[in-house]
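Two complexes, one shared chain (chain A), two partners (chain B, chain C).
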Partner chain A sequence: MIASNGGSGKKRGGSYGSPPRRPDWMGMLRRNALLLGFTVFIMVMPAWAVPLSKPLSIPIILTMRLVGVYAIVAVGLNLLMGYAGQVSLGQGAFFGIGAYTSALLTTKVGFPVWLGIPCAILVAMLFGVLLAPVLRLKGHYLAMATLAMGIVVFVFLREMTWLTGGNDGVRNIPHLSVPFLEITSTRGEFYYVWIVAIIVLALCSRLVDSRVGRAMRALHQSEVAAEAMGVPVSAVKKRVFILSAALGGLAGGLFAHLQRFIDPNQFSILLSISLVTMVVIGGMESVWGSVFGAGLITFLPKLVEALPRWLGEVPDWLERYSNYEGMILGVIIMLTMVFMPSGITKGMVDLVRWRRSSFVNPFRRKAVD
Partner chain B sequence: MPAEEAMSPLHEGVALQTSGLYKAFGGLTAVKNISFAVYEGEIRAIIGPNGAGKTTLYDLLTGIYKPDAGRIFFAGKDITGLPSHRITAMGMARTFQTVRLFPHMSVMENVMVAMHHRTHCGFLSCALALPPSRREEAWMREEAHRFLHIVGLEMQGESLAGNLPFGQQRLLELARALATQPKVLLLDEPAAGLNAYETRELGDIIYRLRDMGITVILVEHDMGLVMRISEKVMVLDYGEIISEGTPEEVRSDPRVIEAYLGSVVD
Partner chain C sequence: MDFLGNCPQYIANGLANGCIYILVAMGFNIVFNSTGIINFAQGEFCMFGGLLAYTLAASLGLPLPLAIPLALASTAIIGAAMERLLVYPLRRAGALVAIIATIGASIFFKSLGRVLWPKEAYKVPEFTAGNISLPGATVSRQFLWVFGLTILSVTAVYLFFNHTKAGKAMRACSVNRFAASLVGINVMRMSLYSFVLAAALGGLAGLINAPYASYSMGLFLGVKGFTSAVVGGLGNTFGAVTGGIVLGLLEELIPGFLTVVLGVSTGYKDAVAAILLIAVLLLRPQGILGRGVVEKV
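For the complex of A and B:
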């Protein structure tokens, strides 16, 4: 059994050979099928979503813009938390820093928006570098430290009134723009955000399946073993942290120019918690799971809000239905954690596999520990 | 640096050398004044009762712990206090007593992780899948396959490491350690949990590694394996070297018998 498996030279599937010299178009198509499918889905979305918005009383495209923004920051958090296993309960901090950076640079300094957002990324990365020493902590201690990080940034945004305007926030933030073109329509914003998001998703899904991604996943599963195998664990952790900060900053920058008004309360600890929820519900260690999670968590309140309007005549207790929103979210999280601890997307994939083969049971699968 | 090299007691043919290593945990001195040298191409066994400090010694050699006193010389350099990943990159690899694979990654990926220090593409290059990173990726796959072949796991490349039976997990750990391209390989109880057949195969694999030019140090409780394959045996008890020599010498050393069986009452 040990050293005598026959047919040494021939490998299964022949996937280990040297790369093909000519570009393998079909193979490339197959490998990126999910990405391409999703891109097409997003590109044609306004065609069916706009007419559907009114009867459903959910502003689908308007909400989808935010889904794109949250998907970017959630993917960043998933790299850090899902892949590299470093819990961050303060990711909202980078989101807030990004939003304020771009908002202040465009309103007070007069930067164009297409320059403000890269600045948001840089400033968020800078804070990432400054805060990276928290990664020396592990497990619960890291969670507490990042939670504190989120709170500290929130307090700074609120109290540094000379810079941030305090609770009054920043008003009249300009629209998104590319050089020479301001984007004002909802549909334009939708495409703007999602083109950025899809690029981010494409890059991240490549990254997790590369040398760097393997190092991240390895140190998640055993730091000692990863280090002993030559992976510079603390350097990799630090870089992932800075990358996730950068994505937080990017998303925050986009967010500021979509909302056009920001105040500190939008970046409170609740934001950080819901970002974590997106990652966990969508699925740890899953790039596409975070998109799904972002969608679910962003649409859920809209759905809850719309429900009474679907029913027309509303009983009294349903009128105050939106008060139960938090409760419904809680129940969903609990059910997901109990029945699909690896997240909804992975759970669904496993469910499909389970139908085909009895060896995979999604309800038995443990979250990565 | 030249001054350090002048100080180092290294001479020709020594792969790994320690002088006066100490390590204490609270009141317990786990490793006490350990000095030894292992020569290139040697198969060296380290034995001793449980708790004798063998694994702690490994942890010191591979940089997981820093010694309280003493120095470690490897590949002509003083490596005392270097971080673990640097030591690995210099050519010292190890396996663990309790298997420490990356259970949620495929067998192939486990081996590829160990090639981290031999590859260079960073975040940007990997995310953009630039040609250098794709070339590197293809090279890594080929190389990983070669190491899996050495231990006979090439057919299991795509299965999850955590789903392998225990014996194969040990072998995968070995393949993974080999993928770091070690000059010195430290094996921590590689035969624990293997059946007689697998143990014999393991012995053959270790011989093959020696023939590939790798110096093998092994901590092992399976005396049959130790006596069969090692050229020199070092016995540890309470953190100290109590005996050192060929398997025959060690076997008849009264101090070794005492350490394993207790002292003779007359």
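For the complex of A and C:
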């Protein structure tokens, strides 16, 4: 779906018999500069991050694996929420379904991991198809319905003990693997996750500039206007929902094999809410913003955990940081919504543009209406 | 034990829980009517009500008739602060921004509650201790207070909306905020009032929801209160009453039936409200008592 739609816009001129133009390599480089730069950044990351981890007392590579996982699901949620304007407070459900599918298939049925993760995607998509009728709702109603959806999935994961093991969770989940090779080193897992994540990011950043991407943004602005312009509104919404479910399933599958132990409490409503936070803080309508949001939310606790070790002396109130994490997050969310409703990355970009031209004012802009 | 023999007990428990849901649902309705926002932090008001009552009555040793109004007043002040600091600056923002901002407030409140009251559960003192035996069921005396205070609150809210100037002004806001501002109603002040009222009602719900209160009670109470409001028709006071009672009863009877007859775990109880919410939203979005169509474009 992604590739065909991304490609269909590029076919102009081909059938009229004009001579094939030489590929514009420099233009392609320039257009994909962000993607290429980010890929290089990730590929060389272990070189500087591993020696730095010890003095900073932050396990950078270990944490970055999770950032990759959350970036995948956050990008999916951003397509749904930022681009198409459909709130989902239940994205953790698909993440959990993906994680449990792959974990159970590999531990109980004996599937190899490289087959378990595609199955996780398929099952999450199936649930996406089943739950797609909630997209008939709008605004607050949609938010509450998806929240309820997340609660239902969480309760069933907890209570279906014959299948999921209930609160005891699933243990001894095998490592990530490609055919004939099991990946056990942290660095290997880091590359595995980020190669998948970069492919997803590349596809998604192509998707949002394609015909489907424009349709998504159009229906976000006004469903009536989009429908009048020939956008099949409900079909597009449904497809984006299923795509975001698939990305949730993929991320969940990766997560299960990284953690190697899962229990239902990892997939509660709190997960869904922190995913929404990643998208919001990173920036709506911004593929790269979600990566930034995922990184910020995942590193924030590690950073403050490490802070006392840098200072040597531990102030008493910092010791129980995990208690304050929610307060800091809540304040960040509220301030972002009041002052930069389009998210921090997008707000910053607008701020820079505002310095150059007075037409763009990031503080006045309405992110969503 | 047979299911029918247990029914009176299920019904008694269901009615008592239903009363709590009614109070939370009315909070959702009042805020929704005058601002058009669904306040995702409504459940956290209940948490503040319950835990402040614990602190004032059990820790500081104030007598209950003094501690309870104080707890309600403090919760109302928290509601007012939230309105002025968060909702007022966002008065022109879209639905998505408002949803996420109130979620942010809910995360903040919950975490604040966890810092101030770190234990898993606190025992909120009951108004009068002891139990009453009815034929087929045993209820605690607290249940009578729950019934009484709920009936009192519903009546008070009804009278406020129909017989006072401020209440009528708030109803005008719910019909059309712009038109209300044209006839001289201070819409922003009504928004403040609605948050104060909703916070106080939520606080009352948390405080009579004895015997225990904890920092994590907000989310589920919030979802259940919202479900009650939607089941009865969002924005409708008597809808909230119907929805609360329907949800309270279903939540006892369905898991009771499943456990006793089919032998399934009682843990599914938590999913009843969520399933009911999805079903009502999809099948009858205007609620059981609602008239007309919510939105069709």
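We adopt the following convention: the second predicted complex is superposed on the first by the 347 of 369 C-alpha atoms of A that agree within 3 Å, B and C clash if a C-alpha of one lies under 4 Å from a C-alpha of the other, contacts with A are read in each partner's own complex, and residues count from 1 in each chain.
Assume a contact is a pair of C-beta atoms (placed from the backbone, for glycine too) under 8 Å apart; a residue touches a chain by one contact, two chains touch by 3 or more.
Remember, predicted model here, so these are calculated numbers, not experimental data.
Colleague: Of the partners chain B and chain C, which touch A:Pro341 in the superposed model: first, second, both, neither?
Modeller: Touch status of A:Pro341: second partner only.
Colleague: According to the stated criteria, A:Val212 is in contact with first (chain B), second (chain C), both, or neither; which is it?
Modeller: After superposing on A, A:Val212 lies in contact with chain B but is clear of chain C.
Colleague: Give one of first, second, both or neither to describe whether A:Pro133 is in contact with chain B, with chain C, with both, or with none.
Modeller: Touch status of A:Pro133: second partner only.
Colleague: Does chain B (first) or chain C (second) touch A:Tyr141, or do both, or does neither?
Modeller: second
Colleague: Considering only the touch criterion stated at the top, classify A:Gly37 as touching first (chain B), second (chain C), both, or neither.
Modeller: neither
Colleague: With both complexes superposed on chain A, which partner does A:Ile333 reach: first (chain B), second (chain C), both or neither?
Modeller: second
Colleague: Identify the partner contact of A:Glu159: answer first if only chain B is touched, second if only chain C is, both if each is, neither if none is.
Modeller: A:Glu159 sits against chain C, while chain B stays out of touch.
Colleague: With the two structures laid over each other on chain A, which partner does A:Val224 touch: chain B (first), chain C (second), both, or neither?
Modeller: It touches chain B and chain C both.
Colleague: By the touch definition above, which chain A residues appear in both interfaces, chain B in one complex and chain C in the other?
Modeller: In chain A, positions 224, 368 sit in both the chain B and chain C interfaces.
Colleague: If we count contacts the way the header does, which residues on chain A are in touch with chain B in the complex?
Modeller: My answer: residues 1-5, 8, 11-12, 15-19, 203-204, 206-207, 210-215, 217-218, 221-222, 224-233, 239, 243, 285, 368.
Colleague: Which bits of chain B are touching chain A when the two form their complex?
Modeller: 62, 64, 83-85, 88-89, 93-94, 96, 100-105, 109-110, 112-114, 116-119, 121-123, 126-129, 133-138, 140-142, 145, 149-152, 154-155, 157-158, 167-168, 171, 176-177, 179-180, 197-198, 201-202, 204-205
Colleague: Over in the complex, which chain A residues touch chain C? Could you list them?
Modeller: It is residues 81, 85, 87, 89, 133-134, 136-141, 143-145, 147-149, 151-152, 155-156, 158-159, 161, 223-224, 269, 273, 276-277, 280, 323-327, 329-334, 337-338, 341, 366-369 of chain A that touch chain C.
Colleague: Spell out the part of chain C that touches chain A in their complex, as residue ranges.
Modeller: 37-38, 86, 89-90, 92-97, 99-101, 103-112, 114-115, 118, 219, 223, 226-227, 230, 265, 267-268, 270-271, 273-275, 277-278, 281-282, 285, 294-295, 297
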